[in-house]
Structure formats: structure tokens, C-alpha cells
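First chain written, first letter: the chains are A, B, C and D, and each begins at residue 1.
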Amino acid sequence: MSELTVRESINQALAEELERDERVFLYGEDVADYGGLYQVTAGLQERFGEERVFDTPLSETTLGGTAVGAALTGTRPVVEIMFGDFLAIVADHLTNYAAKMHFNYGDGTSVPLVVRTNYGAGDQFGLHHSQSPIAWFQNVPGIKLVAPSTPHDYKGLLKAAIRDDDPVIFLENKLRYETEGEVPNGGYTVPLCRSDRKREGEDVTVVAIGGMVDVALAAADRLATEGIDVEVIDPRTVVPLDKEPIFDSVRKTHRLVVVHEAATFGGFGGEIAAEVAEEALFHLDAPIERVGAPFTPVPFAENLEEAYLPDEDDVIAAVRNTLGE
Amino acid sequence: MSELTVRESINQALAEELERDERVFLYGEDVADYGGLYQVTAGLQERFGEERVFDTPLSETTLGGTAVGAALTGTRPVVEIMFGDFLAIVADHLTNYAAKMHFNYGDGTSVPLVVRTNYGAGDQFGLHHSQSPIAWFQNVPGIKLVAPSTPHDYKGLLKAAIRDDDPVIFLENKLRYETEGEVPNGGYTVPLCRSDRKREGEDVTVVAIGGMVDVALAAADRLATEGIDVEVIDPRTVVPLDKEPIFDSVRKTHRLVVVHEAATFGGFGGEIAAEVAEEALFHLDAPIERVGAPFTPVPFAENLEEAYLPDEDDVIAAVRNTLGE
Amino acid sequence: MELTDERRTEVYESLLLTRRFEEAVLEAYESGGVPELPHLSIGQEAVGVGATYALEEDDWIAPSLRTRAPILMRVPLEEVVAGMYGTRSGPSEGRTTQHHMGSTERAILGTTGMVGSHLNVAVGAGLSSRQLGNDRVSTVFFGDGATTRGEFHTALNYAAVEDLPVVFVIENNGWTEETPIGQVAAVEEDLIEFAGHDLPSSVVDGQDADEVIAATAEAAERARAGDGPTLLEMKTYRYRPHAEVIPERRDEAEIERWKARDPVTIYRDRLLEEGIVDEGWLEDADASIRADVEAAFQFAREDPLPPEEAMYQVYADVEVDRDGGVVR
Amino acid sequence: MELTDERRTEVYESLLLTRRFEEAVLEAYESGGVPELPHLSIGQEAVGVGATYALEEDDWIAPSLRTRAPILMRVPLEEVVAGMYGTRSGPSEGRTTQHHMGSTERAILGTTGMVGSHLNVAVGAGLSSRQLGNDRVSTVFFGDGATTRGEFHTALNYAAVEDLPVVFVIENNGWTEETPIGQVAAVEEDLIEFAGHDLPSSVVDGQDADEVIAATAEAAERARAGDGPTLLEMKTYRYRPHAEVIPERRDEAEIERWKARDPVTIYRDRLLEEGIVDEGWLEDADASIRADVEAAFQFAREDPLPPEEAMYQVYADVEVDRDGGVVR
């Protein structure tokens, strides 16, 4: 075990997979010599050479399109899209190409690409560098959406994503590149499409996504001091969804709070709430609570962004609501 | 009153608004002399001239980008995107530009554009000309998404969309261009952001979207013969959503079925279900049922597409489920 | 590339197969109907045939929605026709239409219905060749209309920047659906003017298969030598409307002018003139191709529709139920 | 465009204002910090100043993320600085950063953070001019990096096809973040080579405001006369890194070479040489501009943060609650 930041754990995952598999390569805008805007790929070009780690023009459709083409023809591209907001520019290649080619072929051909990108508000980067783009792809069969929360999961899930035969959008919370945590030494993976119980509890189930897992856990700690025992489930892969552990948890606690960073309305939390309302309705002792952002673009001003971003207090209030407090 | 097809009612709406307001213009791929792939704009260039109705290059980003620019600078572009699937190509201009500029300016400037496009399966056009792209934009604050169901609503909503100061994605169900219905003569509008009760009923609420309203109504008629009294709500504008009439209906019927054409998982139905699970949980006597497509791309083969597309039987089965039958 | 007599008869057979196949599609569409809406390439055969003929069998091909010849040259006829009928033996068990088919074994890159979105995908295949150190060339076909998409610029630029082994083939048939390309492309004369990019480009007579072969072979050689991409603009014409639902609105004289330079006729006449084949051979070839096409249609018409499970091939690496849930 | 002596002193004042403003931003950032991450244009001032000066006040301007001068020339300083601090008096009451600001009154088109996505938007402004029958020209600024996006091709093509009144200004500072443009653009020498489109284009010395004015004025005149768009490539350089969080990694000698052609110095020396101003005037101008800048920062630092309601300006034509519900 070592104590690594999220940034380091991603960097290690990339290094190990580049080392392990010749077909893996890494490219994007300024990822090579510079090491990426967030320095996540620092040192990798030096170590693996210009043929394995390289820069590209400022053209996201080239990134998306060539990644699909490369993945269809025997390699395993890992491409960095500098901000998740830019996924809108590659939406065609992701939605209409990457997600559909396994279905479109008849010979088992698949599209083993990974799009690494970041998301999330909280650093006053404004409305075009802070969005949480999960919902844009939540209704796209064939895509996998992965949003890890801990350094351990970042590393293990990224390694699994690179080995996975399906196209994966790997979402990194840009506010948490510095978050530290225990990471095993050596080449473990964390399986995609498996949710994880990050905290066991009896009273209320909180399903939290990506960066909001930390927030949910902090809220749970505070509530524990009052004797409220919160269970926190981290789906990790949100599409497709490992639903059963969520249902099981709700059948136990009879209460559900869903937390994500995107706007509540139309966000992925609606899907989770709807699933539970179908599968476990009569187990619910309280209305489902959703915690998310208001239905506005991400505002810039310090106080507005703070009001925008869901926080511990919001989670605590929602948990209390489910308890009728 | 006259009996018009959906196609005719859209054409009339466009003609009336071109007539009424000099700032309105219409453009897109083959919309002018040819009258559009689905002949929706037939005759308009002849009537209004090449300056008001014109063709463009095969470049959706030009369509999206110029429409934003035109709308920001004093005109009211109505742009046709030939298939809704291509919205993925203009996702950046819609999501990052059109939706956000009113927020981004400080002087009340807005983006009065209308993107007309079609959607929907059922004609064996395959996985890239049949999608239902609502979910791609359901989490995008600032966009309005309108999906009418009757010739009356198509005309009135399109006229309202053109007059509206916000960017509107106007979704036409391509299987229903030939559907006929009563349309008042003269220049009425149907307000955006107001849902409509298409059928009054006491037993079960069915919220159906776009092309699925017809399906829900047909199912309701069949169920009526068995004494099951279904209420059908047509949101018409899905983003932002006129929620209260849905809650009111569920408070009355205690049962909810949501129907749309896109895949159930991650689709807009999840949002509606989640809203009800939050606001009217204890009014529900049965789990919420969602009727939608399976989580696959739209298949081509006749039998597969038939299995894919939600139909009356699916709605009837869902209604029966809510009744515990 | 040396073109022996035998090879040239093969070229002719491919031209004729493409022609007869599409004529049969048209006939089938006009009588009983065919589920897949035909977008015929009749008149344009020499582009696809010539270019494919100039390539190695494992060179990647990324067809446009209209490129028919390479598919017919690489995929069994039965499979292609079944693809149009959406039956079980089609290239994707009926999941998708035939003109989007992909096959890794036949080095055909599946495409989408988004005209031009495949250009960067083809460049990605070139990237794979470089990464894997093989010498497979990637050839992408696209219409004149596609040159007005941003993809055209970005794909050319990236291929040229990285010297990737890509051949870009514009099937310039003068029309993008119902709009003449001259009306929507800001060039004086030829579409290759668009490409100020640092790469070789030329205009090719797309009605003459020999010209197409020569130009493509040269481009492929350059690509294989590591000297980067080439842009070829093939001037051609489709005899039929954009798709079979669309009425013909083009000038009759324009159509006739092009028919006078029919690619199948040009090649047949040349083979006859050079004494490579005689009338008897031509008749036999035609009869045998017609019989093959007929048999393939017969096969497809009897081929059963796919089972419903065919639809649930969405992920390669996890089992998912119809509601997007992971099956443990 | 006739440049009287008085006008040329105005040009100089705008150059100096831009310089002093950005120096103040840098200073503020390095001491206490500024909420908006600075992406400074120091060194590039002549491009924005010259081009804006050549235009009418109601001509549309679509700035890039680095174009600072036009904003300073059209918007009160206090408002701009408040925009960087996200305070109430900023251009959007703190909703967005200052460098994306839009103002219809000042004919500034709001942009997004997507480099290059504004090119077609600027073309749309040209479309409005045509539709409304006014003669407003639309001028769009963008970096060298943006020329490798598809937007560059599609916007140029459409403007040229429709002869729209658009002036495209490449602020070619040689770098796209940390990558030299030569490494990612497949041109021999100049980026205008990309544009095989049928439109006039030229390379301009972006350090010389007079050259910029002349080239832009000519382009604007052509646009206003209905003769369509022009592409101008302005060669320039930024003295600072891409953004203030990014370490400087460029060659020291390269930076020094460019500093020797500083746009403010060039213009000042010329005015002195031609006897249009003297040292005293220069000192006064500088002092007064510094005082204005200082006052604007002072204002912004005291300006309160916006009220929470400022965030809820999402739709123009309907009231919506924070949960996406329509308020009846």
C-alpha cells in the first residue's frame, strides 16, 4: 500500500497499462511533453516514447474519430479530452459511432477505447469548464460511463477500462486530483459495472456519484455523531448500472437519497430514483430525495458557485428529510 | 377548422410566421427548392424568396453555429436538422452556446432560434436515422425541448416556439407526418411549457411523450372497453417541465405509467417518475411503470424494430400492472 | 501496379457485378420493395472498383453510404443481399442496414449514417497501422457533400501532420442530395482546392477504372512507404436519384452527358479493342454474374428474420438486460 | 480609412490601456489572486486594437478567449474588472467570467470556452446583417490553434459561399497552449494556406497596429460592399504563458526576439518620430491610464458579490424554479 493522490493513481494506471500492452497508446492535447493540463500524464512520454504518448491538434472530432478508428482496428487508444464540457464536440463520434459499432458489426468487433476527461465545479472555471456531462450519455446504449471516487478506484477502474472491450468514458473529478488515499502496490484492477458499498449503515441509503461520494461520506460521519447510520453506495460505473446492490440497500434502510453534481432535473439521479420507485416502492418509508445542482449553468462568482454545488449540508438535510426530521 | 396532416400543419406554421415577422428565416439542407427531405418546407422558398428560405452546405456545425449567431444578433432563425440523430453533431452549439448565452449576457439578450428536427423509429431507417434524442439534452438548463403530438399542437407550438425568446429544439415524429387532425384556421398559438390533458380518466395516469401520445390514447380506448379509465397527459414541452398537472393527476388516480420511445434506461421517463416519487409518493398505490425501448440501438430488421418500439400492448400491460392485474 | 490481362478482366467483372447487383436492387425495390432504402451507385462503379483493386486485401476500406463496389468485392453476395433484407444471414444478423456493415476479417470499417463522420475514423485506422507497425493502408470514400463538413479539414490535417497511411477518395458526383455541390462549396473549380493542407492531391477521371487504379495505387504506395496521405478527387456521376424515394430533378441532358461516359461500357470497349476479351466471353461473364445475383436475392428472400436476441448485442464485455441493468 | 493624427493617438491609448490593464491583472493575480484565471494577451495588443479601430462601433466583434483589446475599447473598465472578480457590477452579474462576456449594445458576441466554436456564430451574425439589410460587419478573432478545428473550414466555406460580411482574424501567436502550431498544422508556412476556399486572404504583421488597421479596413470595406469574407492571418506573440497557472517553457530567445518588436513600443516610437506626440504627452497618457486602471480595480475589489438570484437567469421567456419546473 502507498498513499497516492488521484492524479498519481491515474498516472500509475496509465503507465502500467502502457507497459503491459503494446496496443495501448495515449494521446490528446498537450498530454505528451507537457504532461496534460492537469499533469495527469506527466512523465509518460519520456518513459514510453513519442510513438506511444503524443500530442494532437486542437480538434476534438479528430480525437473522437481517430480513437474510434484505432479501436476498431486492433489498438487500444486512451484519449484525453481536456474538459468534460468538450464531450459535446465529440458527442457524434461517441454516441453514433463508438456506442454502436459492436452492435453494427456481426463478428464480435468492438470499440475498446477510453476517453479520459474531467468534470466538476468548484474552482471558478465558469460555465464551460465545470459541467458534469453524465446525463448527455446516460441514454446511449453501448457506452460505459465510469466515475470513480477514491484513488484506489481511480487506478483500478482505469486499468479495467483500458482492458475492457467496450468504449468507456472515464470521468475524473477535477477538484479531487489532489485527494489522497491508500492504493495497493502492483497491478490490481477494479471491475467495471460493479457498484461498491463505501459505508455500511442501517438507516438511510445514500447513492452518490463521483466527487459526491466524498461529500456523502463526510455527511454520513457527521450524522453518525447523532446516531444516524447512513449507508453509502458508489455505483462507480453508472452506465450500464449495477442495480441490485442499490435495491438491496433500500430494502434494508427503506430510505433513499441520491447525490450527484449535475443539475437534479434531468440528471442521472432521476434514473436511480425511478428504478427504485419501480423495484422497491413498497419498501420506501419516505419519498426519495435527490441532491444535485439547481437547473442553471455553473455560475462563476464565488458565492454563486458555492450555492450551486451540492455539499454536506445539502446531503444532511436530505437524509433528515427522509427521516421525517 | 380544417383537417390537416402534421406535415401541412408545420408548413402552415412556418408560412404564417415567415409572413408575420421579417426577422424569421428558414434554412437547412435541401429545405428550399426541394422542400426538405420530408417535404415539410415545400413551397416556402417559392412563396418567400431565396433570402428567407435557403439551402446550406452539408455542415451541421454551420447550421448550429450560424443559428446561434443569427439569433444573438436580431433575427429568428428556424433551422432544419435533417434527422434528430444529427443533433449529436450540433450538441456543442446547442448545449454550450444556445442554452447558455442568456445566462452569459447581462443585458437580457437571448437566443430565439428553433431547431426543427425529426426522430423516431418504425420505418426501418436503421440505428442512425431513428433515435429519440431527448435525453441528450434533458439535463441542459437553458434549452427548451418541445415534442408535439397532434396536428393542432404541432402548428400552435411551432408558432409559439418561433416567437419564443429561448432556443427551442422542436421534435417532429417522422412516422407521423401523415397523421391527420383538426386544425383551426387562423393564427392561434399553443403556449410552450404547458402540459395538456389529452384524455380525462380516473383510474391510471399515463404520461406520454411525442409520438407515444397516439399510442397511449389508442391503448386507453381499448382499456375503456374493459372499464379501465385512463387519463393521458401530454407534456408537449418536456424541458422545462410543467410538473403540477402531472402531480395533480397522480394524486387523483394514484397510478402512473410513463411512455416514451427512447430506451427506458436513462430516458426522460426516469425524470418524470423521480419527480412523482418525490412529490406524490404516498399517493401512489402501485409502483410507477415505465414503457420505453430496450437499452439497445434501434435495430433494422422488421421484426426487431417492431419488438423494439413501444406499442399499445406495452402500454396496456403497464396499465394493468399498476392495477395489479 | 502491373495490370495483366487477367487482372483487367477481373476489374471488368467487378464493375459488372456492381452494376448488375444494383440493377437487381432497383428492380426488387420497384416490384415488391426492399426493406433497406436503396441509395444506388449506378454510374459510379469505377471509383470503388478501381480503388479497391489497387489495394491489398487487408488494407482498410471505409465506404461512404454510396460506395457499393468494395463491399461486393470483399463480402459474399448472399450476405450483402441478406443485409438489405434484414434477415438472419446479413452482416449483422439484421441489426443494421447493409450499407453500414463492418467486417474486421474483410477489412471493412463499419460506418454511421452521419455523412463524413467516418473520415477521422479512417485516419484512426491509419494510426493503428503505425502503432502496430504493419503496413496496412486505410482508404476512405466520401461524397462531394462530405467535403463541406469540418471532418474533412480535421481528418486531412491530422493525417498529413502525422504522415499517416491514408488515401482520401472523394466520390464527386456533383450533387449532395438535391443540391449541386457548386452551390455550397466555395471553390473555383475542383474540391481539392479546399485542401491547402500539405499533402499531394489530384483530380482523377472516375469513369475510367484504369485511371482510378493508377491514381490509387500510387497513393497507396506513398502511404505504405511512410510518406503520408493523398487526396484524390474522382469525378463521377450517379444515374439514379440520391435515394429511391426522391424524384429525379436533375437536367436530362446532364444525365445523358454522363451516360455517354459509362464506366462499364468504357472498360468493356477497351478490353474488346485490346483483344483481351471477345463478345462470347462478355456474354458468359454477364450471364454468370446475373445468375449469381439472382441466386443471392433468392437466398435472401428465403432467409428467415433474426431471432429477437440478435438485438441484444450491445456490449462486448458485460451482460446487460433490456433495461440497462448489469446481469451479475 | 483615413488615419488622422488624432485618431492615431487614440490607437496608441488603446494599445497602452490594454497593456496597462493586463499588467495590472498580472500584478493582482500574483499578489492576492483574481478569481478569473488570467489568459493574458500582452504582446498581442495591436491585433485587437487595430482591427477594432478599423471597424464601425456597431460592427459585431466575436473575441477569442485571449482577445482583450476590443472588450476594453467598448466596455467601461469597471465593468470588465468586476467581471474578473465575479462581482455584482460585472457584465453578467457574476454569472460568467469576463472573457466570455456578451453585450448586444456594444456589439460584442458572447463566446464559449470552446476554442473555435464561435467561428460559425460570427458567420451567423453576418447572416443577420444580410437578413436585416443592414451593413454591420462581423469580425471574429481566433488563435492559430483554432484553425485546426473543423469550425474553421465550415465557417470559412459558408461565409464564402454566401458572400457574408465576415472578417476572420487569426491571432497567430505560434502556440496552442504548450504545442507549437507548426507541429499540429499541416501547412508549409502560413495558416492561410489551409484556406483553399474562394476568398481573399493575407498575412499581416500583427505587431504593427497601422498594418492591422489597413488590412482590416480593407476587409471590412469589401464585406460592406457585399463582396464577402476575408481571412487575415496576423502574426503576433504572447509574452506570457498560455494561462497564469502554466509554467513558461518556451525558448527565452524566441520570447526576446518578439519583445524586440513590441506593438506598444513600435507605435509609440512612430508617433514620436512623426512628431505627433511628445514625451510629455506620453507621460500624461500613461499616468492617466494607470490611474483609470487602478480606480477600476479599486472599484471591483469593493464591489459586492451578486445576490443568489443572479444565478437564476436561465430562460428569457418563462419562469423556471431551481428544479427545472415551470412556475405557473
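Assorted remarks:
Everything below uses one rule, namely that a contact is a pair of C-beta atoms (placed from the backbone, for glycine too) under 8 Å apart; a residue touches a chain by one contact, two chains touch by 3 or more.
Predicted, not measured: the structure shown is a model, and the values here were computed from it.
Centroid distances from chain A, each centroid being the mean of CA atoms, peak for C.
Each of A-C and B-C has its own count of C-beta contacts, and the greater count is at A-C.
Per-chain CA centroids place chain C at a distance of 45 Å from chain D.
Chain centres here are Cα means. That of chain A falls 39 Å from that of chain C. Taking each chain's centre as the mean of its C-alpha atoms, chain B lies 36 Å from chain C. Distance between chain centres (mean CA atoms), chain A to chain B: 30 Å. Within chain C, residues 90, 93, 95-96, 100, 112-114, 117, 148-151, 154, 157, 161, 183-185, 314, 320, 324-325 each touch two or more of the remaining chains. The multi-chain contact residues of chain A, meaning those touching 2 or more other chains, are 56-57, 59, 61, 85-86, 88-89, 92, 96, 100, 103-104, 127-128, 141-142, 239-241, 263, 265-266, 295-297. Every residue of chain C that touches chain B in the complex is listed here, in rising order: 35-37, 86-87, 90, 93-97, 100, 112-117, 145-146, 148-150, 176-179, 183-185, 249, 305-306, 308, 310-312, 314, 320-325. Every residue of chain A that touches chain B in the complex is listed here, in rising order: 85-86, 88-89, 91-92, 94-96, 99-100, 103-104, 127-128, 134-142, 239-241, 262-263, 265-271, 273-279, 281-282, 284, 286-290, 295-297. Those residues of chain B lying in contact with chain C across their complex are 29-30, 33-34, 37, 55-61, 83, 85-86, 88-89, 124-129, 263-266, 294-297, 299-304, 307-308. Across the complex, chain B meets chain D through its residues 23, 25, 51-52, 56-57, 59, 61-62, 64-75, 77, 92-93, 96-97, 100-110, 141-142, 144, 164-166, 192-194, 237, 239-244. Those residues of chain D whose C-beta lies close enough to touch chain B in the complex are 60, 62, 90-93, 95-96, 100-105, 109-110, 112-114, 117-132, 136, 138, 150-151, 154-155, 157-158, 161, 313-318, 320, 324-326, 328.
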